[in-house]
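First chain A sits with chain B, and in the next complex the same chain sits with chain C.
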Partner chain A sequence: MISVIDTIELIKSVFLILSSIFVVLSAIGIIRYKDDLERVLYARIHILGVADVACIIALLVLGEPLLAASYFIFAPFASHAIANAYYYGEEKND
Partner chain B sequence: MNLLLLSQYILLGSLAVFAIATIRIATRKTIAMGLVGLSGLSIAVATILILVQNIYNIGFCRDIAFALVILGPVGTIAFSKVLRG
Partner chain C sequence: MNVVMRIFYFIAYFIVLVIAILRSAFDVALRTVNGKVEPVVVEIETVLKRPVSQTILANSITLTPGTLSIDLDSENCIIKVATIVPRERDDIIPFEPYIKGMLE
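Right after this comes the complex of A and B.
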């Protein structure tokens, strides 16, 4: 019984460390590109999706499935709204 | 030290780095960059609050995290509608 609990804790720790690696990689990627690069906003939205999924996995492991599910539903709408507003909007100097 | 607690602290540190990166993105000159940065900052702070609740047993952090997870994307969508015009 103790070994089963240890195995579950080990799996939880592995998932938390994996999600922390992906969060650090997305933090590097989101500040890597210069602002004068053409259409860099879409790349940043894409990188933000990696961090979103890593945080969703971390929330699931930490025992908050309601938070993870609600963010899993809301995050694509928010990303699409930003990209849609940038495509059809008035900002052209980015 | 417990392995799960150690991994939680590692995730806390990496989320702090990510929060600093998103604040730097949010202070760029265009509005869309601010939206991207704040969208990332809201989920980072929500996950940090859940971690703090798990590590230090502070119960109300979960309510703040839930409010952030709900209101962050809603505010982003609303401001995007304004930005589109």
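Right after this comes the complex of A and C.
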């Protein structure tokens, strides 16, 4: 007979496995797409977004809701800054 | 608009945002495996007027994997968005009416 605590642990484990699969897939995606693809930097930032989601899920499961909330709010600023700098720097280089 | 409706719109916005994030996370994770990736930069117009709601919209776009806001023209209400494949406007911002109800 499975008790309530065991069920909660099971659900937590499922979410942790899901987030680890996300991290592995995003690592594969980062090294997979080479520079011959056009505008490859945007594709890499999109794929890193998957790692962000995995991080938020893992922090929520591990019992750090404040850290997850601050990550949820502040993580987009970094990728936005990279994309903005690339978009306006690219015109100057060409 | 009274406070109760705003709180209702906030909860609805949060639920829609979380569903969009999870769905597109699975979508992008699948695209890293099968290789169907074609990054494009599009300009979308928004109906939001206040800068704070435009900022929240741009932040939500970046938080969703597969879409990424590059620049925000606050006066002309235009957001430059990079998407991983060419997409419709309503697929990029499904949470826009909720932000409009929440803050405008």
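Following the convention adopted for this analysis, the second predicted complex is superposed on the first by the 87 of 94 C-alpha atoms of A that agree within 3 Å, B and C clash if a C-alpha of one lies under 4 Å from a C-alpha of the other, contacts with A are read in each partner's own complex, and residues count from 1 in each chain.
Convention: a residue touches a chain if its C-beta (ideal position, glycine included) is under 8 Å from a C-beta of that chain, and two chains touch if they have at least 3 such contacts.
Because the structure is a prediction, the values reported are computed rather than measured.
Asker: Is A:His46 touching the first partner chain B, the second partner chain C, both, or neither of them?
Answerer: second
Asker: Per the contact definition in the header, classify A:Ser13: touching chain B only (first), chain C only (second), both, or neither.
Answerer: A:Ser13 sits against chain B, while chain C stays out of touch.
Asker: Thinking of the overlay built on chain A, is A:Phe72 touched by chain B (first), by chain C (second), by both, or by neither?
Answerer: Only chain C; A:Phe72 stays clear of chain B.
Asker: What is the contact status of A:Asp35 with respect to chain B (first) and chain C (second): first, second, both, or neither?
Answerer: A:Asp35 sits against chain B, while chain C stays out of touch.
Asker: Report for A:Leu62: first if it touches chain B alone, second if chain C alone, otherwise both or neither.
Answerer: A:Leu62: touches chain B, not chain C.
Asker: Going by the touch definition up top, name the partner, chain B or chain C, that contacts more of chain A.
Answerer: Of chain B and chain C, B contacts more residues of chain A.
Asker: Name the residues of chain A shared by its contacts with chain B and its contacts with chain C.
Answerer: Residues 21, 26, 28, 45, 52, 75, 77, 79, 84 of chain A touch both chain B and chain C.
Asker: Enumerate the contact residues on chain A facing chain C in the complex.
Answerer: 21-22, 25-26, 28-29, 32-33, 37-40, 42-43, 45-47, 49-50, 52-54, 72-73, 75-77, 79-80, 83-84, 87
Asker: Considering only the defined contacts, which chain B positions touch chain A in the complex?
Answerer: Contacts found on chain B: 2-4, 6-8, 10-11, 13-15, 17-18, 20-22, 24-25, 28-33, 35-36, 39-40, 43-44, 46-47, 50-51, 54, 62, 65-66, 69-70, 72-74, 76-77, 80-81, 83-85.
Asker: Using the touch definition up top, name the residues of chain C that touch chain A in the complex.
Answerer: 21-22, 25, 28-29, 31-33, 35, 37, 39-41, 58-59, 62-71, 80, 82, 84
Asker: Which of the residues in chain A end up touching chain B in this complex?
Answerer: By the definition above, chain A touches chain B via 9-10, 12-14, 16-17, 19-21, 23-24, 26-28, 30-31, 35, 41, 44-45, 48, 51-52, 55, 58-59, 62-64, 66-67, 70-71, 74-75, 77-79, 81-82, 84-86, 88-91, 93-94.
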